[in-house]
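In what follows, chain A forms one complex with chain B and a second complex with chain C.
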Partner chain A sequence: MTGIIWVAGGLAALSALGVVFSPQPLYSALSLVLSIGALAVIFLVLNAQFLFVVQLIVYAGAVMVLFVFIIALLSPDREERFRVDARFAIGVTFAVGVTVAMLLAARNGITFNGNGFRAQQIGQASDPYHGFAFDQSDNGLVNTAGNVQSVGGQLFTTFLLPFEITSMLLLVSAIGAVYLTRRRRDPNAPVRRERALAREPQLEEDRIEVEVR
Partner chain B sequence: MTVLGVLPVLAPPPGIDILGLLPEVILAGGFIVLMMLDLVTAPAQRGWLAVVSVVAVAGAFGATVWCWFDAATPRTVYFGAFAYDRFGLFINAIILVSTALVLMITPQYLNRRGLHYGEYYALILGAATGMMLLAGAGSLMVIFLAIELLSIALYILSGFNRTEPRSQEAAMKYLLLGGFASGFLLFGMALIYGETGHTQLTLIAAAITNGGGTVDPLLMAGIALLFVGLAFKISAAPFHTWTPDVYQGAPTSVTTFMSVTTKVAAFAALIRVFSYTFGEPLIYDRWKIIVYFVAIASMVVGNVAALRQTSLKRVLGYSGIAQGGYILIGVVVLTPAATWGSLYYLASYAVANIGAFAVITVMANRGEDLDSYASLRGLAFRRPYVAAAMGLFLLSLGGFPPTAGFFAKFFVFAAAIGAHELPLALWGIGTSAVSVFYYLRVGLLMYTRPQPDEPSYNWSRTSLSGGGVLALTAAGTLVMGIFVTLVLNIAVSAQNGIVLHG
Partner chain C sequence: MIASFSDIFSVGRLGTDGIVVILVKSVVIVLALATAAAYLTLAERKIAARVQLRIGPNRVGPMGLLQPAADAVKLLFKENAAPGGRDKLLYLAGPAIAGGAAIFAFAAIPVSGLTCVGGQTSGSGCAGGYALHWDLIHVNVSLLFVLAVTSVGVYSLFLGGYAANSKYSLLGGLRSSAQLISYEMAVAFALIGAVILAGSLDLEKIVLMQHDVWFVVLQPMAFLLYFTAALAETNRLPFDLPEAETELVAGYHTEYSSMRFGFYFLGEYINMVTVCSIATLVFLGGWLPLLPFIHSDWLGGLVGVGWFLAKVGALLFVMMWLRWTLPRFRYDRLMSFGWKVLLPLGLVNIVITGAIVGLRAS
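Right after this comes the complex of A and B.
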């Protein structure tokens, strides 16, 4: 198990570098897919099957398709060549600093023993609130019931109301998106046509006019 | 599977209690019905959609009143996610009355702007549902989702006038800054969850009490970030920069709605989370410092900046920031008197502010809003009743007796003095004195006779519904200022009824 984590972790780190350094936007996007996939493997090894599936479906599936689609749609001609200058140095220093700080901060949270990685209660040394602790042993509640069952159970008890509110939130967002982007064909509310045409040169009528001329 | 095995599915499992959400469910139902009615309503008949939405709001208000008597013993429903108590219901009532008043002045204004679409009413009801959920939110998740629900509806409503660059600018600004604020809010919630292991407020309070003795820096960081997120919604001072621009750019009927209801709902969440969940003395001593300075900053920035404005909407925007500062005094001070003082303040602010913005909305003509100082000049000679009502609202916002605003300020400042926070009360009284300048300037302009050759603004005629809204808000301002105990008793009982444990 530990070997898999090392391999997948290394792959994730390498492909993350590929996202930043590759000259072609499409390669960057594909590196991101690889990085996400490698992270998903780590989730699976850590017994978080639900996160594994969600990671693959939502990020590697839906979000990445959008990325690639938009890249293909905009078809950028060329990426600006990569240059090592002061801004680059500042960026690298900042990124390395944040990474090191995260590792130091997480040393309480994640332990590594001979058998594998274990997440433990964060900040256990200084934390006065011992009201909760995840039972993370292989026989613990989460792992015996299965991740998906646990998430489902929580979703339909403790988080039932938030779950329902989310549906309303999506409905409102959808209505708003339709309202803001729809073209008006409403006799009662005249959109000033001249202005609308001047502002949107891609309109059908415009194009025809240009071709006729 | 036997029949008996299926039966338990039919009975609702414990913890699911639709009764506790009755007003919200009615309003959400109205939202969906309106979307369907919009499909079959002819464009010229869209005024009926306003009628339907007012009926939905009235239904929710009736349910709220019924629940008020039912919720004599408060409880949480949906596994601690929602508080069914008189505190939330009091806020619900303010939100619903404000929504109904806004809906009454809406159709006429939208027609003048050529914006009369059915989505408007649905979005208003959606936003109001989010606000009511926020008022009763008993868990961090519900707080976040309710804030998103109301915010997204308001982003769209701010940009409702799609051909007007100012409206677009308002929507964009509100969306971007609101997104940042949501980030702060969510990060704060994550830290609080990480420290206490719960999302339900009652369980968080219990975890903090059990863990007493030490203060974890991560918990304090979470509380501070949560405050930033909520302070953005009440437009308190360092987080207020969006307010004047959005108030000015959004359609005025939307400004009327959001300037009042958002603030009322966010304050309800703020009081519930900070005064009643993080009230543990050790924690309180630390967050008090932040809220203390934000309150003073809001009072100073709001009042001083309002002095230099030349647009009526911006003046009212900055005045709203200052009013938020006064209400924050009621959050800083932990005594029950401070809480019911804030509740009374919220009610009085809602009535006066809706009235003041309703004057702008009702008087707006086809060209531009009644926004500049020049357009106010001489209003009293052409529309004497409207000008008198506007004067009354300004007096109430400035805190003069015998209006609602005087007693609201009095209760909050008295609570601060009673809790030995004299400096806060002095800052409040001092900045209120400053505010008199700009409120009176607007008032005096209305009563200044214009020069004979000066072109005057072409004020609209007050319609039945517009005049009705002005009459109702004026009456409310006076009633709350004269028969004080009428609303005060309800506010006190709302404070008493707040749910504290499970």
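Right after this comes the complex of A and C.
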């Protein structure tokens, strides 16, 4: 089990680097798909089967398809090779710092909840939101209730308001996108049938050519 | 430390199966699917011939039964013609994903009920014998597992279309991505009605819930919606816009030849088997027989496989029959049919089913 986590984790990290460093945007997007897939495998090995499936359906199967779709349609040019300058150094320092800090925090059992950061003993971390003890020695515990039931129950009770607000947000953005891409029609412009009549060939050669086609 | 091979790969029930069982099941799945895909091509040509009052392939072997073998040999030994300006990596990734995702999705499909070899069935377990499960990977959301893995297959169509550097391929790829994403919604919404009745996303449990009455009786509309959307998901006529040969030469796989094309072909036919299997499991009672029959002993398990295959075969025949009966949709009609007809009907079905189940429970 640990073996597969290492392989999938390594793949996720490598493909995440690929997202940042690949010269072509399409390869960046595909690396992200690979990264999402590797994370999904980690979920599966940890027995979070529902999360595995949702990760694949929502992110890999829907969201990223649209990303890849748009990138391939616009087919942007290759990016310039990244330069090692002051900005790059600052960014790398920040990223490495945050990663190390998170690793240390996870190692020391520090969790974040509504009351801010808090140090906890490993193995005794209790879930601050729904109050059932999380026994880390048996990650099948969530599964005894059923992954789907746990997630669904929380979604429709504890987190109902945030859930509904999120869906509202999505609806608003969808309506906004439709409005922005709406084609504004000039009321004086001829309708399609009239345009076709307006392009009636004037010369005899034109007429023949049209008919031959 | 890593204890053993089965420990490394302990995902769900896989952990309890030994390495030998895992390997045997994997090999059986791959070989069975490849053979099924090969003979489905023959079946398709035979059925097409009968519909058009022809005889069909009958030269290779008795009644043309060796035709798939001849086709496979032809594909293997053909020259690998590939377009010049292609994206080399993605051009290879397309067929690989097509075949791989299609085969992987089938790993979670139970073809028969739990069989106790040399023991007594006790509840959902098996006392004193070997519990033979007729699927490779068991997850408690196996229905969603199959949908998730097949949804990754979209990349094969799109990448194949994009990487080949050809306008017909690209158009086919774009169409297929839009069509598959749209109809995935309709597929999911159609299945939810049956899932509400079964109260589980586990295909095995869904089948066992149909012990008294199949869900096709309780959910006739969901079954029709699912089957229609599944035709679009597998790019079958009347929804075969991604490879409409009269407009796009051959769509996303125009620029593929030999075995690379073969993998697309394989993936397509295996996907047909997969969607028909899902329809069988969710709506037609899976391996449950038409007549009451004890299905938990050794022979019963095999009989279950027979029933399952018979139902899947019947659905596959309907798919091929439809192909040679219905004309192709226009692209805008296809989109509005998916979004404005299938999806709302699916929603109505969910609301009605949910209301009835809720009222009966209270």
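Please note the rule applied: the second predicted complex is superposed on the first by the 117 of 213 C-alpha atoms of A that agree within 3 Å, B and C clash if a C-alpha of one lies under 4 Å from a C-alpha of the other, contacts with A are read in each partner's own complex, and residues count from 1 in each chain.
Heads up, the rule we're going with is that a contact is a pair of C-beta atoms (placed from the backbone, for glycine too) under 8 Å apart; a residue touches a chain by one contact, two chains touch by 3 or more.
These numbers were taken from a predicted model, which means no experiment stands behind them.
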Between chain B (first) and chain C (second), which does A:Leu56 come into contact with in this model arrangement: first, second, both, or neither?
-> second
Can A:Thr2 be said to touch chain B (first), chain C (second), both, or neither?
-> second
Applying the touch criterion given at the start, work out whether A:Ile165 contacts chain B, chain C, both or neither, answering first, second, both or neither.
-> first
For A:Leu180, is the partner it touches chain B (first), chain C (second), both, or none of the two (neither)?
-> first
Which of the two partners, first being chain B and second being chain C, lies in contact with A:Leu66: first, second, both, or neither?
-> second
Using the superposition on A, tell me which residues of chain A are in contact with chain B and, in the other complex, with chain C.
-> none
Across the complex, what residues on chain A touch chain C?
-> 1-4, 26, 30, 33, 37, 44-45, 47, 49-50, 52-54, 56-57, 60-62, 65-66, 68-69, 72-73, 143, 146-148
Chain B partner, complex, touching residues on chain A are 122-123, 126-132, 157-162, 165-166, 168-169, 171-173, 175-176, 179-180, 186-192, 195-196
The residues of chain B that touch chain A in their complex are 13, 15-16, 21, 28, 31-32, 35, 43-44, 46, 78-82, 114-117, 119, 122-123, 126, 129, 133, 139, 141-142, 145-146, 148-149, 152-153, 155-156, 159-160, 162-163, 194-200, 206-208, 210-214, 216, 218
Chain A-touching residues of chain C, taken from the complex the two chains share | 2, 7-12, 90, 139-141, 144-145, 147-149, 151-152, 154-155, 158-159, 162, 170, 174, 177-178, 181, 184, 201
